[in-house]
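Read from first to last, the chains carry the letters A, B and C; within each, the first residue is number 1.
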Amino acid sequence: MKLKKASIVVMALALALTLGTAAPSLAAKDFTFGCAVPLTGLFGKAGNLVKDAYTLWMETVNAKGGIAGKYKVRIIFYDDRSNPQTSAKLVEKLITKDKVDFLLGSYGSSQVMAASAAAERHKFPYISGGAASNKLYERGFKYYFGTLGKATEEVRGNVDVFNAMKPKPKTVAIVGSNIPFTALACVGYKKYAEKYGFKIVHYELFPIKLKDYNTMLLKAKSKNPDILLVGSHLGVALRVMKAMKEIDFNPKAVAFSYGPTVPAFVEALKSDANYVFAASEWTPALPYKGPVFGTAKQFHDRYIKRFGRAPDYVEAASAGGCVVQQVAIEQLGLKPGKVGKAERVKLMEKLHALDLNTFYGPIHFDKDGANREHPPLAVQVQNGKLVTVYPAKWAEKAPMYPMPAWKNR
Amino acid sequence: MPVKRTGFFIGLLVAVLFALLPFAGESYYIQLLTVIFYWIGLAACWNLMCGYTGYIDFGSAAYTGIGAYVAGIIMVRSGLPLLTTIPLAGLGAGVIALAVGWPTLRLRGAYFAIATFALAEALMQVAEEWTGLTEGGIGITIPQRLEEFDYYWLYLFLAALVVAITWWVEHHKHGYALKAIHEDEHAAAQVGINTHTIKLKTYVTSAFFIGMLGALEGSRLGYFKPDDVFDVHITIKMVIMSLLGGMGTVLGPVIGATFLQLIEDYLGAQFLNFYLVIIGAIIVCVIIFLPRGIVGSTIERLRLKFRRQP
Amino acid sequence: MSMLIIQSLINGILMGGIYALYSAGFSLIFGVMGVVNIAHGDLLMLGAFITFWMFIGLGLDPFLTLPFSVAGLFVLGYLMQRLAINRVVGAPPIMSYILTFGMHLMISNLALVAWTADPRAVTTAYSGANLAFLGLTLPWIKLITFLISLGVIGLLYWLLNHSQTGRAIQATAQDREMARLTGIKVDRIYALTFGLGAAITGLAGSMVVAFQDVEPGMGLPYTIIAFCVVVLGGMGYIPGALIGGLILGIVGSVSTMLFTSGWSIAITFFLLYLMLLFRPAGITGKGIVE
């Protein structure tokens, strides 16, 4: 009897779920944006950063009355669980069921590959500020845009900063996790290290699920490199730091492609995070300025006020993508309720044509959808704070180099 | 027998009706159904082998991975049309399944589960390291893609085919043999059933279809890397769908896959932060209150009802 | 070169001890009630977070938080068994896989909502400090974890064989009906066992957070390693966890040194597969074979 009741409840629930999926009615005075980001799974952390960046943009725009001063912005968020199949499905859902006017891009190369392919089929411009795989731009897509640099170029600051050192270090070891962005970061490291005449004494890609980093790094340690260059996400960066201390690995410097710019890095490692370098595309110290957010510094301050933490370059690049789409919409004079296929084709053409200065720096998309290269930057953790150390003209402080041995810290 | 036939024809009719649906125009439901059919296909393959024999395969994602890579690599290297690579992907998965199944199917229970899992993980790692063949962790871009509706029809066709095979197995002596293996493998062997051959045949068939589905999905995504197509979550989903619907029943995976995809789709839109918690709670409730799955428990209840009334 | 091999062997042994520590509870629960607990890694995560929050909030040293994570996880494990898992004891193992997978989804996603996806780490004054001699380095925390692991497994083994409750647990594991007839409260023993298994796992979590970053979604890979370790050492045979853990740790570390870290994972899993083919009762031959 109990069994029967319970099963009726389950069945009824299932029925209610299938019948209850009516599309929400939208006020025609608003623009609806759709966004499927990873909120859980491997990229759950980073996806949430992107979601925050979009939320801040929405709130900032709406506080000024909306797009063109009168059309409020609404964003529908979905969780793609860091899974490309789900990401593509959710973008289809946003377009065909929720009937959003525009899309916002996701984080993570795999998901963005799948999601942008769905967007391309429906002729929806798709701007991502959180994916950098070079493969994104090799598909001949017209509707895909990326505000970040290509993964191989993005890490250039990490090599440039050491090339400018006097005396110049001689040898580098390169390690990185074997997923698209970080593996390509290693390709980029290799390219620039060879170009500047560094000797590469060790090169290894390791699986993302590797548990024990000690032995993997021991091999790099045994080659005694001056510099350790790491292709990393936040979690990988943390594990590399912990393992380096445990095995007493003391190169003159260590640099990460991504991780240290996220505030959680310094929070977790405390003073052990000092001396670490990271490549960046953007810092609040840059003299960038543009519509919506004002200067880079103003964006940074507003972000801290809203979320209690500093934004990193992925968040800036994501918000930058919103700004460029907003400006394109405003310049075309698009109106809510009147955005159809023809309007979005125009929007795509407009995005390709725009040459815009923003708080995130210049945004000008090439034919393949890649943003014009930003100058390579390097930041460093000094006394628990991130400071820009390269290039010299924007540097807030001189780089602290070499890093003292672990036992002398 | 006539009752069984009626059931078969009703199923066929439903499949044909679904096949006509795209002519009503494009909508999100076509997309949703495409994904549902894909999962019905996978869950039905898993159920065909594991639901009937009780062998829990935790490495089925190996065959979606092999399928996706076989088709992908052939397309990239030789430019063969997509549709011809799909059966080749199925064959590739089938051949590997034959080589793997022959020794592995002698194991039982948790040992079989972990052996298959370990092999799938090892194969994923090989795909990641063998960069000359697979392009490794950077991923492979698939140069060809079918139209949206083609995926809908192909998944519907494959799902219907696997379900039909399950139906045939259920009513054929092959099926009785599988169930006998589930009940008591030694006894089955003693009454003259060649248990190993029957298990192997079923395992290879199931891998063949999983390989084709994996290959199609790889081309639908357009780009993938080893941990996308060898993902252990693919296997977990196949298992859960079969079990929610009812293991060892023809309709179990159909109901289970549809149910799980629909609640995921609905709850994901309604409760952005809590939907996975709710799905977890639903799974727990089903196991506690409907231990034979939705279909299995319903059949059981109907049986009890009929038995009570003389 | 030979120094590097010795160092990688040491790394492997230390890692193996840690694997063993977080697999022992899994083995106990499987051995006694035949339940494969997919939420195992999530219990580990909860233990880690108890330590993390006590360290952040109260400034307690990770080692001082051990009693709290042990007690907290014992209560949680006891309740989980009583309220849900007891229903699938004796059912085909697949039922317990799925039931506990549902629990995994619930625990990890509730934790995600509560604590966000930020990776966290406990950094103390002695984090990363190591004992260096003859050119070899042994990180203190891992060394202590390894010793605790030996102690816990030894204690558990002793408890099962020499205490009254332990003998009742053993009797229940061997024959549930017979145990019931001799007056053992079987349901209570099951709940107690699950609580005990969860408590050890919580302890392991508290140790893990001292040297590795943790986040709410970390559980499943740990479950998978525990499953492998336990199968390798023999399902349900507690000292087997130590043997299985050491094999996985050493093979992983030494093959990373000799080849690459990528191939080391492939080699480890192939080896696991081959061992299962040839020794299905685990390397010790003392595991349960169905």
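By definition in this document, a contact is a pair of C-beta atoms (placed from the backbone, for glycine too) under 8 Å apart; a residue touches a chain by one contact, two chains touch by 3 or more.
For clarity, every value in this text was computed on a predicted model and none was experimentally measured.
Q: Line, ring, star, complete or other: which describes how these chains touch one another?
A: The chain contacts form a complete graph, every chain touching every other.
Q: Centre to centre, using CA atoms, which chain is the farthest one from subunit B?
A: Chain A.
Q: If you average the Cα atoms of subunit A and of subunit B to get two centres, how far apart are those centres in Å?
A: 35
Q: Report, in whole Å, the distance between the mean C-alpha point of subunit B and the mean C-alpha point of subunit C.
A: The separation of the two C-alpha centroids amounts to 31 Å.
Q: Residues of subunit C touching 2+ other chains?
A: 109, 260, 262, 265
Q: Among all residues of subunit A, which ones touch two or more of the remaining chains?
A: Residues 39-40, 178, 205, 207 of subunit A each touch two or more of the other chains.
Q: Mind pulling the subunit B residues that touch 2 or more other chains?
A: 125, 128, 273, 276, 282
Q: Contact residues on subunit C for subunit A in the complex?
A: 4, 7-8, 11-12, 15, 109, 112, 116-121, 123, 127-128, 130, 132, 137, 139, 142, 211-213, 215, 217, 221, 225, 249, 252-254, 256-257, 260-262, 265
Q: Can you name the residues of subunit A that touch subunit C in the complex?
A: 39-41, 44-45, 48, 178, 204-207, 209-212, 214-216, 218-219, 222, 234-235, 238-239, 242, 245-248, 264, 267-270, 272, 406
Q: Note which residues of subunit C are touching subunit B in the complex, please.
A: Contacts found on subunit C: 30, 36, 84, 87-88, 91-95, 97-99, 101-110, 113, 220, 224, 227-228, 231, 235, 260, 262-263, 265-266, 269-270, 272-273, 276-277, 280, 289-290.
Q: If we count contacts the way the header does, which residues on subunit A are in touch with subunit B in the complex?
A: 2-4, 6-7, 10-11, 13-14, 17-18, 20-21, 39-40, 77-79, 81, 83-85, 88-90, 92-93, 96-97, 109-110, 113-114, 117, 121, 133, 135, 138-139, 177-180, 183-184, 205, 207-208
Q: What does subunit B use to touch subunit A in their complex?
A: Listed in rising order, the residues are 26-28, 31-32, 35, 125, 128, 136-139, 141, 148, 217, 220-225, 227-228, 231, 233, 259, 262-263, 265-269, 272-273, 275-276, 282, 285-286, 289-290, 294, 297-298, 301.
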